[in-house]
Amino acid sequence: MCGTMKEGFTPMKLRTWGYLLGEAFTSIRKNGLMSLASFTTAGLSLLVLGVTLLLVVNLNHMVRSVEAQLEIVAYLEKELNQGELASLKSQVETIPGVVMVNYVSRDEALDRLRERLPDQTRVFDTVEEMNPLRPSLEVQVEKSDRISEVAEVLGQMTMVEEVSYGREVVEKLSKITRILNAGGLALVGFLALATLLIISNSVRLTVHARRREIAVMKLVGATDSLIRWPFILEGTILGLAGGMGTALLLWKGYLMLVERLHQVLPFLPVVTGNDVLTQVCLLLVATGAFIGAAGSALSVRRYLRV
Amino acid sequence: MCGTMKEGFTPMKLRTWGYLLGEAFTSIRKNGLMSLASFTTAGLSLLVLGVTLLLVVNLNHMVRSVEAQLEIVAYLEKELNQGELASLKSQVETIPGVVMVNYVSRDEALDRLRERLPDQTRVFDTVEEMNPLRPSLEVQVEKSDRISEVAEVLGQMTMVEEVSYGREVVEKLSKITRILNAGGLALVGFLALATLLIISNSVRLTVHARRREIAVMKLVGATDSLIRWPFILEGTILGLAGGMGTALLLWKGYLMLVERLHQVLPFLPVVTGNDVLTQVCLLLVATGAFIGAAGSALSVRRYLRV
Amino acid sequence: MIEMHHVSKIYYPARVVALQDINLFIEKGEFVFIVGPSGAGKSTLTKLIYREDVPSEGRVFVLGKDITRLRRREIPFLRRKIGVVFQDFKLLPDRTVYDNVAFALRVIEASPREIRKRVPAVLDLVGLLDRARNLPGQLSGGEQQRVALARAIANNPPIVIADEPTGNLDPQTSWEIVCLLKEINRFGTTVIMATHDEKIVDAMQKRVIALERGHIVRDDERGVYAHEA
Amino acid sequence: MIEMHHVSKIYYPARVVALQDINLFIEKGEFVFIVGPSGAGKSTLTKLIYREDVPSEGRVFVLGKDITRLRRREIPFLRRKIGVVFQDFKLLPDRTVYDNVAFALRVIEASPREIRKRVPAVLDLVGLLDRARNLPGQLSGGEQQRVALARAIANNPPIVIADEPTGNLDPQTSWEIVCLLKEINRFGTTVIMATHDEKIVDAMQKRVIALERGHIVRDDERGVYAHEA
């Protein structure tokens, strides 16, 4: 008659879902101050996470743009004619990791040297008629840790006399990149964990405050689902709201900051693409909702064993 | 007979303070999970604050050390003898902001140029016997925003033919410094605020969970102080514990990180001095204790009006 | 309908023996008083029926099922078949009187129409229809107790357990409540009522089970509160 | 000792009139029963004395002071002079029976020696010395009620208010509790007891104030629960 297996598995009716959602909203309204506390806690934690994410993304971008300026110079045995140049270029471009190849003739090389050392004009006046410089190929490589490989391949080519690249700078830079990536990832991971813990703590405290109510509901015959879902929905709503508030703030704030930075430091390579920003913001909203839901689900569990 | 003014002002007895402290500890123990939640929340928020503080301190330090490598080069009309050099040097050293002065003779200048451009050896072989370079004074300046002033003073000196410094680099750098400082300060301020809000939210939730208890105590004749103090002490203890845990973690973690970084990036100028670390850690502990105490005091207030 | 076989309940760690070797059969449609001094085990006995507690020893059968072997998931479905007036009311402090009563109907997923019809009806039965919008904290003790009764009978359960349901009521109102329970019982509901009210027990002439220190000391078909005053 | 002048209490926003134009004088050392149907205003009347509520109109004097004009800071000192057995007990759920009773002594900053002496003494008076280490949730309804009484009398207050203190007790234990209150009263404590227990009121032959819908309908020196049954 009572408690048969079949009853145990009866799914909740649709109207009950409506009721559960209503309960969640009612509870948020009734526990106004507590809801606000959870909301701001979630929002702030996510904001910290978001700011850090953007920071890491930007640092990475900056390092990339420095890397993009790195190049290998392959000094050639002699000046090349059109045909030779075209074939060499296409040969070099097939090396994996090579992004761009640029030929520098002897005259160009001297002009550049002159530009680079404006104080030493007199030196160059002296050597003008007997230019001792060699023609070269400037090769740009995709990532700094590819440079040494590419340089080696270049060195073994005919016509290439000598290969030169800022070995030390490149090595430093690729180390820095690796550390920045690892550090940034660790930082974001740590913050994600902290956010998770902080939000779920806040949810746990709210659930704890209502443990006696939960016990009463169970005694009146409520299933675990009927008690659990309003909490989960409430957590989701608050987490979602926190995430969206944060996303909005971050979006506006970042665009303003970027604009301001562009005025003051036009040369600074900041990430301006809306797509990165959109991704970060979506991530925050999703994280907020997920943590709110999961935190509630886990917290309410302890109090259901009545 | 009852409730005279005098009674209202009777300070609490010493034994009552002992009791209050005992209550605080008992409550922490009894509400184990909730205490843990508040503790980790406080600890994590402070940790985020601490990590950011150290990051900002280090960034500042790095920019400083780059600045320290900046110098002004003052090209001289001719080679100086000992006497002239000494008098010029002492003259330059009196300019406010100047940290170090170094004389570079023509031969030295050529040697350096050769080192800087190892690929162009043939050029220098050509000019060896007729060195076209000028002697110069290298002047190091305390801070990047001082450079242009110093350069101007140098330019007006007799014997100085021409003054050169990376105007653009210097200007960029001093802008970056200013932005880093402002940004770092803003970030730390934002995090301090977030920490404050998050911790006091967590305390508020704990107090809220015990609002019915508070009401009962008041009905039995407890003064506001008798109810308030265990909460304040509890908040202080948890905040202090959170702060100390964080400080410990940060201390160990930072030293480990610095050691590891030194192996991988020996050239990176990280802050190693224990005094900065000590200051940051003390700040965290103090902040934790203060926020815990203040958060409790403020939260409990609402529930005392019974 | 309700059977207990050699049931004992011992609360640890204090080793309080609340019930000892209880054997009990209650038929469908009975009206049973449980009496006995403070701490005799009356509430504990009822708690074993709606499974707030499990016995330390023995078996309890309710509605044909061994409820000591119930799975966690099945418990709510047992409790929905038993309306309980708790000794300490156990109303939800943050919900209105109306919502407190409606909650008993929500758990069985009653339709909104049913709820809108049934809740005012039971509130009217206990004389509190005009207080529907109040919170429990805004009611007098006796009023709260009557809300608890309204909630217990709201979904027409086959069993109603009332633990001291007139403890906070004046004699007049107490009688009205007991008459209400009698009426429900007349339509087939099994009613179990723990009480200290001599007058009511003596006047009703129903089955009386007397507990003392966890033992059944008396079980009379048409009993009275006590043999010797 | 306790005086009420034209006291009314209306609860907003529902505009529930709980008390209307109450005039009352209770002398030091009196023993007063307050009776009346559920919702008549008995608890409200007592709440005005220990200032859980303030009257909407009129003045209340307790121990020589107009307590409607008390400052917030002075309220605890009034409450310490009045031991209250609340209708819903209001025990602290997270503290043991011992600590619940001790709390009434802590608020008056009694010495540890006094506490160690007094708490077991009053727990023994209500017959619960062996349950001192239990939490309220581990006691039966009647046992909790007796703990509430123990707390109310622990610090020997000049006034004891007991709101339905026998609602959860069997007749035997009820009598013991009433005798205890009578004993306390004999040593000079003013006792005010709201109750529904006809037998006790009739047997005690003390002053009876009868309320109905917020009005005093009767105030007899040696009264009974009701004139007509």
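Letters A, B, C and D mark the chains in the order given here, with residues in each chain numbered from 1 onward.
Keep this in mind: a residue touches a chain if its C-beta (ideal position, glycine included) is under 8 Å from a C-beta of that chain, and two chains touch if they have at least 3 such contacts.
A quick note: this is a predicted structure, and the numbers were derived from the prediction, not measured.
With contact taken as defined at the outset, there is no chain that touches chain A as well as chain B. Farthest chain from chain A (centres taken as the mean of C-alpha atoms): D.
Chain pair with the highest count of contacting C-beta pairs: A-B. Averaged C-alpha coordinates put the centre of chain A at 60 Å from the centre of chain C.
Centre-to-centre separation of chain C and chain D, using mean CA positions: 28 Å. With each centre defined as the average position of its C-alpha atoms, the distance from chain B to chain C rounds to 66 Å. Contact topology of the protein chains: cyclic, one closed ring where each chain has exactly two touching partners.
Pairs of chains that satisfy the touch definition comprise A-B, A-C, B-D, C-D.
On the side of chain B, the complex with chain A involves touching residues 33-34, 37-38, 40-41, 44-45, 47-48, 51, 73, 75, 113, 117, 119-120, 122-123, 125-127, 130, 132-133, 162, 164, 172, 175-176, 179, 187, 190-191, 194, 197-198, 201-202, 204-206, 208-209, 261, 264-265, 267-268.
Residue ranges of chain C in contact with chain A, taken from their complex: 50, 52, 62-65, 67, 70-81, 84, 86, 90-94, 103-104, 106-109, 111-112, 151.
Of all residues in chain B, those touching chain D in their complex are 1-5, 7-8, 12-13, 15-16, 19, 30, 213, 216-224, 226, 305.
The touching residues of chain D, when paired with chain C in their complex, are 11, 14, 16, 35-39, 42-44, 87-88, 133-134, 138-143, 146, 163-164, 167-174, 196, 198-199, 225-226.
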